[in-house]
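Each chain gets a letter, A, B and C, in the order it is written, and its residues are counted from 1.
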Amino acid sequence: MIRNEVFSCFVFYGVLLVVKMYVIAIITGQVRLRRKAFANPEDALRHGGLQYHREDPYVERCRRAHLNDLENILPFLFLGVIYSLTGPTLSVARFHFLVFFLGRVLHSAAYLLAFRAPTRSLAYVLAQLPCVSMALQILMVVSSYA
Amino acid sequence: MIRNEVFSCFVFYGVLLVVKMYVIAIITGQVRLRRKAFANPEDALRHGGLQYHREDPYVERCRRAHLNDLENILPFLFLGVIYSLTGPTLSVARFHFLVFFLGRVLHSAAYLLAFRAPTRSLAYVLAQLPCVSMALQILMVVSSYA
Amino acid sequence: MIRNEVFSCFVFYGVLLVVKMYVIAIITGQVRLRRKAFANPEDALRHGGLQYHREDPYVERCRRAHLNDLENILPFLFLGVIYSLTGPTLSVARFHFLVFFLGRVLHSAAYLLAFRAPTRSLAYVLAQLPCVSMALQILMVVSSYA
């Protein structure tokens, strides 16, 4: 499988997006430390006292960006594996993966930097297009096995 | 793999469940627009003003339904791939996938329409049964490799 | 694939971690029942009345532990499958999987039992190390397919 060109192309973008998700987790942690806003009393105690066991709007923004990644990038990882197995043309497959990748990178930037609406929503829709396309193509291949 | 009957049967239900998750995301977005309740100030500004940067009970309900899907459907996608590789009988495997699928569709309906308790909890338990069964069967196959 | 030693070793730890996530969901449900703190009015009505439609600090702690698992264990399931396909040595691969497994078990214990900081954060970092290592090794194998 790893020597299949389409599969390897998918893996390249898939792993980069996992790394992108890890980066959001690291940013969230750094923002918690700088703004002194901790979700757990034990963390607040270590960093100055229980008064820092509190919410912060920017920490919540980071968490929403992360959760949206879970909702979208994780299903992409599943769809991408299966779609790669259905034997698409490399150029068409790469286009699917690249649009999703760029859409999700723009989505994260728009979320963390609070770009004017509807930039973030458009990035979300852009990234969903290849996912819906892959889902439909997969269903056409396997629908006789229901 | 895609020509394996059990695997293709799993893929069919797995992709339908991913589409079901996407539908919940779309519903959440529509409810935010209709009820004017936005998680981000930039979205509220675009749709009438910062007073709409607020929570709404039904939006929160949609979000809980979505999060519960992440907690259950995503692990199923992993278990189902591996279970398909262990060579189960098609009829037994299809029964596992179908019970999970029906349980999760009922769960979403029960959540979004606020069915009387314990309908939603029973749907959750129903869907977990094939997952626990698949997990145990997989562990029996691979436990010598720990 | 299932007869590949590295893959089977990965599957063993991966499935155990999925079961660990299910256990956190069960604990959350039990804590909701004991503390009478329900996220949905229909659940509260069944268990004594709408006054129990409320938040509870320990329920929220369980939910944070679960969400952190989604953020970290689910990407591991993806990375582990791909990494197994890149042909690593069994002993090196097992070390990656075992460190992640132990890190995440410690993370859950530290979260649910509120260990003193920074135990939970160290467990998180420990578990991320094999993930970053796998991600880099995968990218080196497939980077020519971008």
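Methods note: a contact is a pair of C-beta atoms (placed from the backbone, for glycine too) under 8 Å apart; a residue touches a chain by one contact, two chains touch by 3 or more.
If you want to know which protein each chain is, UniProt gives these names: A, B, C = Prostaglandin E synthase.
Quick caveat, the model's predicted, so the values are computed rather than measured.
Where subunit A (Prostaglandin E synthase) touches subunit C (Prostaglandin E synthase), under half of the residue numbers in use are shared by the two copies, so each contributes mostly different positions. In the Cα superposition of subunit B (Prostaglandin E synthase) onto subunit C (Prostaglandin E synthase), the rotation angle, rounded to steps of 5, is 120 degrees. Averaged C-alpha coordinates put the centre of subunit A (Prostaglandin E synthase) at 17 Å from the centre of subunit C (Prostaglandin E synthase). Residue positions of subunit A (Prostaglandin E synthase) with contacts to 2 or more other chains are 67, 70, 74.
Residue ranges on subunit A (Prostaglandin E synthase) touching subunit B (Prostaglandin E synthase), taken from their complex, read 61, 64, 67, 70-71, 74-75, 78-79, 81-82, 85-87, 111, 114-118, 120-121, 128, 131-132, 135, 138-139, 141-143, 145-146.
Only residues 1-2, 5, 8-9, 11-16, 18-19, 21-22, 25, 29, 39-43, 45-47, 66-67, 70, 74, 77 of subunit A (Prostaglandin E synthase) touch subunit C (Prostaglandin E synthase) when the two sit together in their complex.
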